[in-house]
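Each of the two complexes below includes chain A, the first together with chain B, the second together with chain C.
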Partner chain A sequence: MYLNIKDVDKSYSKEKKIIHGLSLEAEKGEFLVIVGPSGCGKSTLLRMIAGLEEIDRGIIEIDGQVVNSLSPAQRDIAMVFQNYALYPHMSVYKNLSYGLKNRGFDKGLIEQRVHEVAKLLQIEEFLFRKPSALSGGQRQRVAMGRAIVREPKVFLYDEPLSNLDAKLRHQMRIEIRKLHERLGITSVYVTHDQVEAMTLADRIVVMNEGKIEQIGTPDEIYNTPASVFVAKFMGTPPMNIFQVKISNGKMDFLGIEVETGSSDDTLFVGIRPEAIQDEESDISIEVAVTMVERLGSENIIYGECMGEQVIIKSKKTPSKNDTMQFYIPKESIFIFS
Partner chain B sequence: MKKIRYDKLPVHIFLIVSALVFLLPVWMLIATSTHSPEEIIQHGFQLGIGEHFLSTYKSILFEKEGYTKSVTAGRMLINSLILGFGFAIGKVIISSLAAYAIVYFRFRLANFLFWIIFLTLLLPVEVRIVPSFEVLSTLGLLNSYTGLIVPLIASATGTFFFRQFYKSVPDELLEAAKIDGAGSWQFFIDILLPLSKTMMVALFIVMFIVGWNQYLWPVMMTTKPEYSTLLLGIKEIYQSNFEGSYLPEYNKAAAMTILALIVPVGIVVIFQKWFVKGLVDTEK
Partner chain C sequence: MKKVQFNHRFLPYLFIAPQIIIVVIFFLWPSAMAVYYSFQMQDAFGVSMQFVGIDNYRDIFANMEYFHTCVFTLLFSVAVTLFSLSIGLFLAYKVNTILRAKSVYRTLFMWPYALAPAIVGLIASFLFNESHGDLYAFLNQLGWQFDPKSDPFDAQAMLIFVASWKQISVNFIFFLSGLQGIPRGVIEASKIDCQSAIRRFWTITFPLLSPTTFFLLITNITYAFFETFGLIDTTTRGTPMGETKTLAYKIYQDGFLGADIGGSSAQSVILMLFVLALTVFQFKYLEKKVHY
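Right after this comes the complex of A and B.
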């Protein structure tokens, strides 16, 4: 494996471990997205790969070389920071060339590379401006350019789009994916935004409390979530989760009995808001509408069903306090122990 | 033609009058320095320009003056400049380096050491002047520029300001530089110093004036007239006026005061431009 993280531990104090025995692998050219709520250790993991944080235990390998004791510069990685971290007093050109200059590249080669990258990212006309004279999106491009120009082994992105507005974020997301397809450099991308994760990733790593909850392709994560946490975290609006009592290996859920092999006392049942439909299907439910969010193309309906809160994605536009009939196909029910 | 706004008139009149009040003593010095000593003795301080402008300034700059008649005001001016610049530049360099060490190298006791440095703010130079003198005289540094400058350049104020500034520089900048392969020295030179340009100029201006106006320290440290500063020179002229049997040369005293005034004013005026420019340019 190109990037190999084996059994890594990290703690800042004795009481609190940030990362617990975490292992992760990435193939050459893969785009890995690490996603999780804030404080789950995803940024720490990225900074450990970069060498900005020491690790307490375990091994990190890049391209077959153990990099545990190498400095960030020696690891041949490049990082894009959330706040861009451009050098404010240097022109864009100098920002891009600083890393190359420090590595003793020839002046002519630096110039050639900087111009290539500037052309690729369409920032050529800003080369001699200072970062303060650029817009957020342009700064973002410069930050990317500073990473690309070095042609590193691994790209690390630390929530690079969270300072941009929604429209620009969407646009940059597409550009990052295009760039990745073009350059094919192994990338690790940290975000708390599950839409970014779904759209950018070859594989998604869902983290929670310093551990990996699930690794898989976006489809796998969405269609076969491994835990309630993953199910709730991925997808907007989040999956409806109900706690259900079991008796005799069967659960009585919304009036329909479902066979389970498990003998646990309680199970969790998950239904995605988009799986609850108008068309007649296996399970029928009655929902008392408490609120409707209109999104234009569809509506998000918040309601109550048998004492539980439900969220439904639907084309229907009920008004508050309406009672409506919805249906759930059996195969779209997730069961978590 | 620009329209006169009459509602602003009282404000302007007030400002102009205040400016005149403040400028009057300076003008009196300039005017007095252009008269002959005899005239000043007879008629007191002057408001009009006299005929001895060139001769007065020529004589103080190039003729040996003072109690001992062994040093020119030109020499004193150079001494004052050396003290002022050495003091200010030394302070900026030392305090920026000290703050860099405290903020970026998380060595043990860094905070403790910082507070120790900070505490010395409470002690003015005058408090430690006797022990400092003792140390320097043992080292044989009395009557030298080194002795005049070095003991004063450690600066708690400067270190404090630089520390606060460095703390406000985002950590990501350091991390980005690390990834870009910059060592700690390079980060300091390439990133931190250019960012703190404004700070440095501000500190330089303040410290230059403090250094220039040092009186007690040079009095203690120098006994040879060739190390005497302008401020000491002014005092000496008045002293010789009172104690000597010459005609009091108030014109020369006034001229030297003007000299002592021009340089700090010039420094402030020149650097203020950069200072403001720095404020506008820099963005973290």
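Right after this comes the complex of A and C.
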């Protein structure tokens, strides 16, 4: 594997471990997105790969070389920071060339590469401006350029789009994916935004409390979530989760009996808001509407069903306090132990 | 933003009056008096006064001793500024990078800031005393025939050492806060871009500290010129052979001890113009190289 993280631990104090025995692999050219709630250790993991944080235990390998004891500059990685972290006293040109210059590149080659990257990112006209004279989106491009110009083995992104407004974020997201397809450099991208994760990733790594909950393609993560946490975290609005009692290996949920083969006495049942339909199907439920959010193309209906809170994505526009009939196909029910 | 309008004509003047009065009494009036006295000659008892035109100035520039004092003042200021700035910066940089017991170091390095220059001078006169001074004994044990009472070089070295030591803590505090003001991301980005810590310091940290350095450069030069008066007065008093006199100390000696009010006023006018020129130069030429 090109990027190989084996059984790493990290703690800042004796009581609290940030990362517990985490292992992760990425193939050459793969775009890996690490997603999780704040404080789950995803940024720490990225910083450990960069060498900005030391690891207590385990091995990190890049392109077959153990990099544990190498400094960040020796690891041949490039990082795009959340707040851009451009050098404020240097022009865009110098920001881009700084890393190359320190690595002893020939002046002509530096100039050629900087101009190539500037053209690629459409920042040529700003080359001799200071970062303070640029807009947020332009700074973001420069930060990307500083990483690209080095042609590193691994790109690390630490929530690079979180400072941009929604429209620019969408645009940059598409550009990052296009750039990746063009350059093919192995990338690790940390975000708390599941839309970024779904759209950018070759594979998504869902993290929670310093551990990996699930690794998989966006489809796998969405269609076969491995745990209640993953199911709830990926997808907006989040999946409806119900706690269900088991008796004799069977559960009785909304009037249907399901064989579970489990001996646990409670299970969790999950249904995505978009899986609850108007068309007649296996299970019929009655929902008392408490609130409706209109999104234009569809509505998000908040309601109550047999004492439980339910969220439904639907084209229908009921009003508050209506009682409505919905249907759930059997195959769209997830069961978690 | 909305401006607050007062209808009272005199109220605004009343509000700024305390500051204006202080400026007039302690700055403008004495300066004006200095200029006035610099064109007068008084008798030794201060009874009569006579207009002498630029004779006082002519006397100063005809006197080699004055140039000698100028040279010492410049060397002294440059040395004190250089040592206290560089050591202050070095300590701040080191304290900023350590992880444990940071606040202990911070507090300890700040302590000398609380001392008045005269107190520092008093401590120094104990430390360098020839009969029971620890540093005096230590330097002599090293083989240096250290004797600030008779050797001008030793006395100058002692003054530079003590004056720098006193100022290091101020510089330390400002540099530390300057370092903490540099975004962490920028430092981390430079760690990825540059392997050498020394190179990183000179290409990233130092340029980003330039507003702090510029401010400290001016305050340190001013300190060396004027505030070291108390230090000199409690240690060497210009001895041996007038070799440790700064311009400010010479003005005091000539005016208050030598009773030459006219001559010392003329010196202070020259000093005033010199400091003015220095400040204008610093703001005009150095500020352009500062990245705010």
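Assorted remarks:
As a convention for this text, the second predicted complex is superposed on the first by the 337 of 337 C-alpha atoms of A that agree within 3 Å, B and C clash if a C-alpha of one lies under 4 Å from a C-alpha of the other, contacts with A are read in each partner's own complex, and residues count from 1 in each chain.
Throughout what follows, a contact is a pair of C-beta atoms (placed from the backbone, for glycine too) under 8 Å apart; a residue touches a chain by one contact, two chains touch by 3 or more.
Quantities reported herein were computed from a predicted structural model and do not represent experimental measurements.
Taken together in the superposed arrangement on chain A, chain B and chain C clash. Of the two partner chains placed by the overlay, neither chain B nor chain C lies in contact with A:24.
Touch criterion met: A:98 reaches chain B and chain C at once. Using the contact criterion defined above for the overlaid structures, shared-chain residue A:83 touches chain B and also reaches chain C.
Legend: residue contacts after superposition of the two complexes on their common chain; A:52 is shown touching both chain B and chain C. Taken together, the two complexes place residues 50, 52, 71-73, 77-79, 81-83, 85-89, 98-99, 102, 146 of chain A in contact with chain B and also with chain C. Those residues of chain C that touch chain A in the complex are listed here as 183, 185-186, 188-196, 199, 203-204, 207-208, 210, 291. Residues 170, 172-173, 175-182, 186, 190-191, 194-195, 197, 281-284 of chain B touch chain A in their complex. The touching residues of chain A, when paired with chain B in their complex, are 50, 52, 71-73, 77-79, 81-83, 85-89, 98-99, 102-103, 130-132, 146.
The touching residues of chain A, when paired with chain C in their complex, are 50-52, 71-74, 77-79, 81-89, 98-99, 102, 146.
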